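The structures come next, written out as structure tokens.
The following pair of complexes shares a single chain, subunit A, combined with subunit B in the former and subunit C in the latter.
And then the complex of A and B:
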């Protein structure tokens, strides 16, 4: 099989499942689930085959898709170390999430729709990853938006889910404006948007610096939308209204990772402008810090993980903006593993506790769900940056890269690391070490086996994935040294200090039972500020209620008050004029005579005056 | 077959005319027979427009399938029909909307005979406009298409139907009042004493200042029908009052007549004047896009919302034309087609919902996704097309137009892109309020779209998907004709 055929399978198989569902297979949910699993298996296989058989120098194919004289769009695959590695992550996580969903959605009457849409999601995501043309990337990017809209709003009878779905779509759309504008600006100079064309143009340094900066900032907008960076991040915590497998898929390997991937793909373009690179780095550090503080005070298990995703995405962007593709992308890979694990474990907890509230989970479930507890501990240890575990290895590389960019950024990143350790262990202590735990009977069910199996697999993966950095770096075409960690360096020492401080504070706050409020609650104003997400959500609400609603009212006012009134007024005026004219035609000879005489007199007077 | 292919355009035109004749002969009570005649006549015209599509030679910008009959040679009036890349898609669009419109009205019981008679008269006019290559016939068919709207809305309509019908008719007649002198002026000032559009376009006339004036008349006259800002208010109110299939024809096809008129007569015959007017057209188009979207956002009635979304989407067409580039004009024509299909789908779904719930108030609806999954899914597909989601036809149209606009006028182009968020806002808001949320008690047992009524909607949704996935279907046919037009515009 050629690489092209594998790529066709990766994109086509899940798309076929989606259309089968749309065109009436909803009536046979079991068949859709079966097909969907098969296609997920095929996708995973195809992605690994592409990565393993990747020839030196990569592989590119393209067929024209929409051609005009001014520019053209093509459909094709561009397989490189980066894209195949990303495809493997997507394919693998997608497969695991599908298997998990078999158990999770076992009793849902609409599971055919669920699996169909999940498959559409995979197609769209792989469409971004394998694309050879930025216009195709944009198309797939929008399809990811559509699929996430449908998945977050899967339980759309719940008003909160419907609202969250809309919010996710609109907020990412805001970013997409920038992305679209950036692409349009580029294509106005290039004629097509093939990634190779764009990278060549950047390399040749043909564009004036201002133009490069403008494009970079535009694209960064799109990335901030998809990858949930300040100020467009507010959709992501709300997106937890979707089914847990969706949260897991959205937050680990797909959707939010798409933005980071695009940054990695076009890294030379962003780095070509000093301003864009520094701006991106600053934005990432700020977002990381913001999100981490909110995660420290959030009380809903999935929302803690959501804020943690935002913060970790910022770490990836930090690495990339600081110039290290290996660091940023490696963090994407490790994060995909442990965050998926965390969400799927959270799904087990929530399933058992019937609530997402952390304290309630601690009280009702805790350690009585051993597989979930295992997943949570492994995931949190990896997240917190415990040496040797996945999160530590990649974050260390990121911190190393950021260190070279200046102390301000580095200290921000370190502080965030400490906070990460704090909220990760807070999660563990609150969920597993509640001293007043009620013992509740566990309800083992056959469906649960699927979910538990996946959690165990992911836990094993997470343990091993931190040591793949060297291989990954080689696959990306860099030297393995770039992924090498200098254990005996001040950087590692600082990271250890951050970890110990964060984890230690979490232990002091939550590890010994008793008071479960934590240190942050001792400063109520700050606590409120953090819990409100630094007021960003409120800002957008005001923007919507005042800005958008105001514009709407203004438009309505113009339409009804000015334009339509003029129109109807013209009609009315015509009627009045007609009425006057009609009244003059009343058949009375006297009136006609007096008008005639009057006109004659006026005429004579006028003549006399001359 | 050869004879048929040689006269295919006239035969398409005759489909609704003959159908009209037969319907008039049928006894009043035989509703089913009347509907069957209408279905056959519309189905036949759809099949024949597909045949035209298949016969079309995309490698030339020349008129094809031309028929020419001398009519009043002394006055320079001839019956000339033919298609090129610019009109091909419009013929197919009319065929599709006509056929699906007839199927959508299958459950009509009130004055069936007259309804279908007027519909067929209207469609005959529309087909006539899209294939005419003679100004006189163009105008004749144009008037024929516009007038039945008054009766269709005033008799079979709902909310404030007589007011709406009158407003619509007065508006369009005001447009015609501008067009009539303009068309005579074209024939007169060209010095050729002919109404043959090909001759007028090819002549080396120096129009000078007169060209600017004539173009203004043509732009405003046709633009009224295309819903250009600020002459758009007749359109939404007309939609609201009109019965389902009339809304489909109105937004799906009639509004396209306006844009097509600007393209076919204004841009082709008066290219220099188009160059001078383009900035005005672009700015007004931007108003359409943004302003239309915000007014749509403020609507509480489903049909008003869709009516204003049409105002916004027609702005994309005009913006594309105003770029005067290959990509922009191709995108504009693509948008005419895609928007026609999309609004037809919108209105056919809303029609179903209104017929069952007897309300279009968004605030009174909710949770319909669970009671009417088919109607909801189809509406959501139309909605997604409306906000430019890829793999649906309108995506390509908007993509081409916006990219071309950014290249020609960066500021206007980037502002127009902002319309994408505004349209997402109003479409998603309606989907959330109407279809999502807990199912309401009042609408719990309402029937979904039945199997028999499904095909019409599936044709529309399928068309959106096919052209969305394979945009080349549309673009290859446009290619040469648009290239020739761009060359003329560039002087």
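And then the complex of A and C:
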């Protein structure tokens, strides 16, 4: 089979499932689930076939779609090392999440809708990844937003879920405005938006520096929205209202990864402007630090993981903005593995405890769920950057790249690493080592076997994935050296110090039982500040209250002052003129006749004068 | 006065002006009708005068004048009957009392 056919399968199969669900298969949920699993399998197979059969130099094919005299949009596939690697991540994670969902959603009456929408999510994400044209990317990008909206608000009878879905949709739409502006700027100089065309134009250095910076900043705005970077990150923790498999997919391979992927795809464009690159780096370091501190004080298991995702996404962007595609993208891959694992483990805990509260999970479940505990430990060890595990390998590359960009960024990243270790081990200690655990008997069920199986597979993947850096670098077209870790360097030593400090503090705070508050609670003001997410949520609330209300008042003023006045004025003027005309119509035939004669005489005189 | 076209035209013009004056200024409906008759007669003088001085042979001008006189008689009949009806319905034939169409 050709690459084109594989790509057709990868995008078409899940789309077909979605439409089958939409067009009436909702009545047979089991059939939809079966179809959906089959298509997920096909997608995973197709993505791996594309990656393994990728010819040297990539593969592009596209057909023109909308063509005008000076602009054309095409649809097609652009398969490169980067896009096929990303497609593999999406395909694999999507398959695992679908299998996990079979158990997790077994008793949900709307599971047909769930699986159909999940398939749409995969289609949209693969649409971004395989796209050959930025216009096509934009369409798929919006579809990802739509699918995430539908899935976050899947339990739409729950007000919090509906709210969170709306928030996610609107916040990311904010960023998409920037993305759209960036694309429009490019259109003003280019005949089409093919990715190759754009990259060629950047390479040829034909645009003036200010223009490149403007495009970069606009696109960065879209990326910040999608990948939950400051100040548009507040939707991500709230998105936890969706079912856990959705969170897992959303955080590892789709949605938030889309922003990072776009950055990696157009990396030359961002690096062409020093200002944009530095700005992105600074923004990423700041967001990483902010999110990590909030994760340290959050008490809901899934929300801790959500804040951790924001922080880790920032690490990916740091690597990319610092100029290393391998480092940033490798971190995306490893993070996809361990964050998916963490969420699916969290799903097992929440299923057993019927709550997401960390302390309640520790008290009710803890180590009585061995598979979930295994997943949590492996995931957290990888997340915290334990040497040899996935998170360490990729984060080390990112830190190495950031180190070259200056000490400020590097120290910020190191501090975040320490905080990461702290909240990762806090999670482990709180969930698994609660001395006052009540012994509750486990309820093994057939459905649970599927979920536990997936968690075990992911744990194994997470253990192995850290060692694939060299292969990934070669697949991306870089040399394997770029993924090489210098074990005997000061960088690794610093990272170790950060890890030991963070993990040690977590052990002191939570590892020995007793009080479960932690060091942060000793500074109440700081604790409150962190717990409120640095007040960003409050800012947006005020912004929407004051800003939107102000805008409304302005609109009202314009409406009353300008529009109403104009309309009323037209009416009044008509009335006055009508009054004048009415006075002439006084019913005196003789006056009419006089006027007619006068007009006739004037007309004749004028004719005579000509 | 010489016997030429101008003389007739001046007379007809004066007659027309008098008729117009009557139509525009008199308030009495009968007086206005008389004004209209005067204007019609001014036109007839015009027709006959032009026929005599510019195309004497065929007597079309004179024949046309006879038609106008005939129609004027009919018009007077219609007009007077309207005046009669107005007088019957409101007891006055002054145009000042006929202003229903005032805007």
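Following the convention adopted for this analysis, the second predicted complex is superposed on the first by the 551 of 610 C-alpha atoms of A that agree within 3 Å, B and C clash if a C-alpha of one lies under 4 Å from a C-alpha of the other, contacts with A are read in each partner's own complex, and residues count from 1 in each chain.
The rule is short, and it goes like this: a contact is a pair of C-beta atoms (placed from the backbone, for glycine too) under 8 Å apart; a residue touches a chain by one contact, two chains touch by 3 or more.
Only a predicted model underlies this, so the values are computations on that prediction, with no experimental measurement involved.
*Asks:* Which of the two partners, first being subunit B and second being subunit C, lies in contact with A:68: first, second, both, or neither?
*Replies:* first
*Asks:* For A:604, is the partner it touches subunit B (first), subunit C (second), both, or none of the two (neither)?
*Replies:* Neither partner.
*Asks:* State whether A:590 touches subunit B only (first), subunit C only (second), both chains, or neither.
*Replies:* second
*Asks:* By residue count, is subunit A touched more by subunit B or by subunit C?
*Replies:* In the superposed model, B touches more residues of subunit A.
*Asks:* Across the two complexes, find the residues of subunit A that touch subunit B and also touch subunit C.
*Replies:* none
*Asks:* Which of the residues in subunit A end up touching subunit B in this complex?
*Replies:* Answer in residue numbers: 22, 64-71, 73, 135, 138-140, 142-143, 145-146, 149, 153, 156-159, 161-163, 165-166, 169-170, 173-174, 176-177, 180-181, 183-185, 187-188, 548, 551-556, 558-559, 563-564, 567-568, 571.
*Asks:* Which of the residues in subunit B end up touching subunit A in this complex?
*Replies:* Those residues of subunit B that touch subunit A are 167, 170-171, 230, 233-234, 291, 294-295, 297-298, 325-328, 330, 367, 369-370, 377, 384, 388-391, 395-396, 399-400, 402-404, 406-407, 410, 413-414, 417-418, 420-421, 424-425, 428-429, 431-432, 435-439, 471-472, 475, 479, 483, 486.
*Asks:* Any idea which subunit A residues touch subunit C in the complex?
*Replies:* 581-590, 593-594, 597
*Asks:* Where on subunit C is subunit A touching in the complex?
*Replies:* Touch residues, subunit C against subunit A: 20, 23-25, 95, 98-103.
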